[in-house]
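Multiple structures are listed underneath, in structure tokens.
Next, two complexes with subunit A in common: one pairs it with subunit B, the other with subunit C.
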Partner chain A sequence: MPNSCIQCGAELNFPPAFCHACGTVQPFRPELSLFEVVGLPASFALDPQTLRQRVLDLQKMLHPDRFAHADGTARRYSLEWSTRLNEALAILRDPLKRADYLLQAQGVDALGENVKVADPALLMSQMMYRERLEDLVAAKDQQGLEDLRTEVDAAANAAVEKLGILLKTLPCSQSDAAAALLRELQFLDKLQDEIDRSEESSQNL
Partner chain B sequence: MALMQIAEPGMTADPHQRRLAIGIDLGTTHSLVASVLSAVPTVMGDHDGKYLLPSVVRYLENDEISVGYPALAAAGQDPHNTIASVKRFMGRGHGDVQKLAGHLPYDLVPGEGMLRLRTRAGEKSPVEVSAEILRVLKALAVETLGGEPEGAVITVPAYFDEAQRQATKDAARLAGLKVLRLLAEPTAAAVAYGLDKKSEGLFAIYDLGGGTFDISILRLQAGVFEVLATAGDTALGGDDMDHAIAEWLIAESDTRQEDPVWRRQLLQQARQAKEALTAQEQVQIKLEPEAGNSRELTLSRKQFEELIQPVLQRTLPACRRALRDAGLKVSDLDGVVLVGGATRVPALRRVVAEFFQQPPLTDIDPDQVVALGAAIQADALVGNQREDLLLMDVLPLSLGLETMGGLVEKIIPRNTPIPAAKAQEFTTFKDGQTAMSIHVLQGERDLVQDCRSLARFSLRGIPPLVAGAARIRVTFQVDADGLLTVTAEEGSTGVRSEVIVKPSFGLDDAEIARMLQESFAHGAEDVAQRRLSEARVEGERVLEALQGALQSDAALLDSTEQARLDAARQDLEQFLAGSDADAIQKAAEAVEAAAEPLVQRRMDSALQRAIAGRSIDDLGD
Partner chain C sequence: MAYSEKVIDHYENPRNVGAMNKEDGGVGTGMVGAPACGDVMRLQIKVNAQGIIEDAKFKTYGCGSAIASSSLVTEWVKGKTLDEAMTIKNSHIAEELELPPVKIHCSVLAEDAIKAAVEDYRSKQGAAQSSQGGEAVSAQVAH
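Up next is the complex of A and B:
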């Protein structure tokens, strides 16, 4: 794919979505990774603020509302880029999804449906957490729910920190260990969500 | 860039060359229109300088139609032909508004599809009634601007579903307006507020209108308005406060309640009392249920606040949901902006201040702010360059597909930023299956019957393979207007099918054309027949759904619940053989009520399975 503007031929900066010389939106390039689309290096250690600012700056140029009166082709390109930017923000700002995306890029499917999990320690801790949550909900123990949430948050933060170490150099050389952490983090994420729902529904009564 | 404009005056936008665009707040009780005039967003007033147009339409005897204050004034005497709060009916079927209609003095025409109201000018749909309001606003804009607007942004409650949005667009088309965008009311308010006050940070917009409640959480930063989450209730508003007062008046005065004229007068008195109690400690209400028999009641602010407490409390679950979806705590917010006339009630301000742990911001006219925001966005969309503004909206309700057992698989969850796209793979269920039917739904619930059906289409020409071998990729694309396109494609052959989703209660062009010409009542027999077949379909659907649920999860019920459900089911089967639509409907409702514990537990156990992940399988290994 040539890295020059389809309209004026000027060289395109990365990401190659928009020509700064003539303002023309460029054809969408589905082969670009999410990191390339936002113009940031592929890395797990990514500052969410920088990412968000980058996406908003690009949306200011590429959002379909900017092309409400342009021709159909420009409108389609803008829709495709803008959709992809939203996807990049959603996936890259979430540590679990970001790690999964990086591992997928090196062919490791940690959360896929066909993965067999055989980590007895994780299974045991899952069961214990679940039982505690059920007991707290049954007892309508608001403070207990909040304490559990704090504990689960800490566990999730610890998992993200460990992932950060394993994914410091890419491709990751200990992908089995990283995949196991990812599964743990996925479980903790779901648990956080359910604690919030339980708290919310008890407040709504 | 600024230098360029100074150097070349011909390049700057001449005020007369600006494209004309308007923003319309089509409200439950009031509507208004605004436009950006000489770079300042401004509401447009009528000859008396009034900018609020009561959203009331009256069909007169001489085939004329009156809209606004004259219609409002006549509402008490001529309730059947004077339609107020029509927004509550937009995109709704007869069944949807039964509960609501008990409060309202209208003559609803039973039937399937879009709701109709019987008036002396014939049967009118909410779309047609709304179009009358829009026509008046458009005429006002044309007169003020001195020309036809090229397009309009019309605001809708953030929580309006696809059918309600489509109905709003249809009304605009009937009124001869080109709709540039439907914009969520709280988002519009945030735009006007944020640009006016140059505010930055995280804001909650609490919008209690006449008939709808919305809460939106936005991030305002350097001209970018990013909606983080939105939630609400499309059947909750200031009108409900009026109803609460009216109920109290009826109970206190012990008078006839069925007469629509009386009912309408009571509602107006209730409304006046509500407004008076914003400033006064108590109000006298004089009732005259029969000529010569009048009495006076005193309503104190304290009593009023007790009466409306349930309405206020009903807004809070949505606030919690929106905060959770945005991933924020109350303490993260930099401000809470109040929008909508009903937010003038002092008790509401206290409830909001307590919930959000800070006094709400009230330094902008809650009646105008939505229309002003719509005008600003219209100005940008019509092609007047506005570097200072970009609006990033979210999908208000989840979109999904029907899967086996009448369950909904969510493809794009609510509060996903748009534009958005998401693909999911499905496979065939039977050996040699060559077609797949695709049912697109909108809503948060897990069962198809509880969500709103948006479209059905089928993918044909799938190569006959063993069950589970074909790979069918279904892609949802939502554009910046919120318009959904669904594509299904089979992997090995590339067979494709695509549909641009139009909701079931939308009108096609032919219907719009016909509506403009005719308005006649269907024969009573026709209507009855349609009701019966509708009831039968519904009854059979309920039985089928129950069958499916019982097959897999009958064990979730105890014997008493089981017996109750069996009895209800037998009743329904018996009525289905007959031809009494009402009886079928009631029996179907009874079955659904009896099945409630089963539905609830099925969902709980599905949730638990999801949380537990794959641990059960693995334990077996």
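Up next is the complex of A and C:
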């Protein structure tokens, strides 16, 4: 494990993209988790603002302009870190993806392509949401669409809140319950997309 | 990714879209969902006294392949016995619709939906029989 700077030998802190003593960009480490890459503790209760600022600060230091005259190896390292940081931001800022990432880390695949849902209550509620959306679109009911969106947002927020409780201590001991919540959230997420698309297209009529 | 002509045909002209009364003892309802793409599928069958599926309806919210898979299954099961309907495999659906590998799970969903509908119907019949002291007419095919 390369825990010291390749340039000056100083011990590396997290995030380890740079040596904090001499500023040298370090070899990329693909084995690090997304949390380690951004230098934040692995947790579901992560502040999106802190995450964003952390990534922005690191990206500034990794900007290609800074490496225009650097050797090929340093340029490659900086590009690798930078790509991984973008990935970390995209995944960790989204509660759904963040929860999925944390559960995957403990071997729980809640949203895989082969995962199927047979929970009648969940399916029934999703079917009813979809039918309502269809009717609202047919009736060109703009206010109804907004009301539906508000309702679905509230349901999604409630699911995120419950996930927060289950994922408070990691690894999660009630991973089945967390996986079920994650699936519900995924359905709601797709539904939100669909409502947004319907709102856009009805406004363009 | 290009859809096959058969998928587009079912997508643009879906067969048997609709709903049946799921409280009806002769109706079996199967609901399944795939969280990966947020698809929800409901497939219903109406079974007559001879145990033949005489009508089928579906409602699917999802991608073209999921809609086409369920539309195709409603066409296939009409006139079949419950046992015959249970033999429908996702591979048959995928082959008929020429689904690409990334869309195979849509055909799996349709297979699960028809199986769930048959099971729902059978459990209703079983419940009806036991509540009538086993004297109820059986619309079930031996299995």
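A few notes on this one:
What we mean here is this: the second predicted complex is superposed on the first by the 204 of 205 C-alpha atoms of A that agree within 3 Å, B and C clash if a C-alpha of one lies under 4 Å from a C-alpha of the other, contacts with A are read in each partner's own complex, and residues count from 1 in each chain.
As a convention for this text, a contact is a pair of C-beta atoms (placed from the backbone, for glycine too) under 8 Å apart; a residue touches a chain by one contact, two chains touch by 3 or more.
Bear in mind that the values here come from a model prediction, so they are computed numbers and not experimental data.
On the shared subunit subunit A, the superposed partners subunit B and subunit C overlap sterically.
In the overlay built on the shared chain, the residue A:Glu200 is in contact with subunit B alone; subunit C does not reach it. Using the contact criterion defined above for the overlaid structures, shared-chain residue A:Ala68 touches subunit B, although it does not reach subunit C. In the overlay built on the shared chain, the residue A:Gly112 is in contact with subunit C alone; subunit B does not reach it. Once the two complexes are laid over each other on the shared chain, residue contacts for A:Asp189 go to subunit C alone; subunit B is not touched.
In the superposed model, A:Thr83 makes contact with subunit B only, not with subunit C.
Once chain A of one complex is fitted onto chain A of the other, the partner contacts of A:Lys60 are limited to subunit B, with no touch recorded for subunit C.
Put subunit B and subunit C next to each other and count what each touches on subunit A; the higher total goes to B.
Between subunit B and subunit C, the overlap after aligning on chain A sits in one stretch of 254-262, 542-550 or 560-568, namely 542-550.
Counting contacts as defined above, subunit A residues 115-118, 123, 126-127, 130, 183, 186-187, 190-191 meet subunit B in one complex and subunit C in the other.
Those residues of subunit C that touch subunit A in the shared complex are 31-38, 40, 42, 59, 61, 105, 108-109, 112, 116. In the complex of the two chains, the subunit A residues touching subunit C come out as 110-118, 120, 122-124, 126-127, 130-131, 182-183, 186-187, 189-191.
Listing the residues of subunit A that touch subunit B in their complex gives 56, 59-60, 63-66, 68-69, 79, 82-83, 86-87, 89-90, 115-118, 123, 126-127, 130, 183, 186-187, 190-191, 194, 196, 200, 203-204. For subunit B in complex with subunit A, the touching residues are 180, 221, 223-224, 226, 316-317, 320-321, 324, 380-383, 390-392, 416-421, 477, 479-480, 607-608, 610-615, 618-619, 621.
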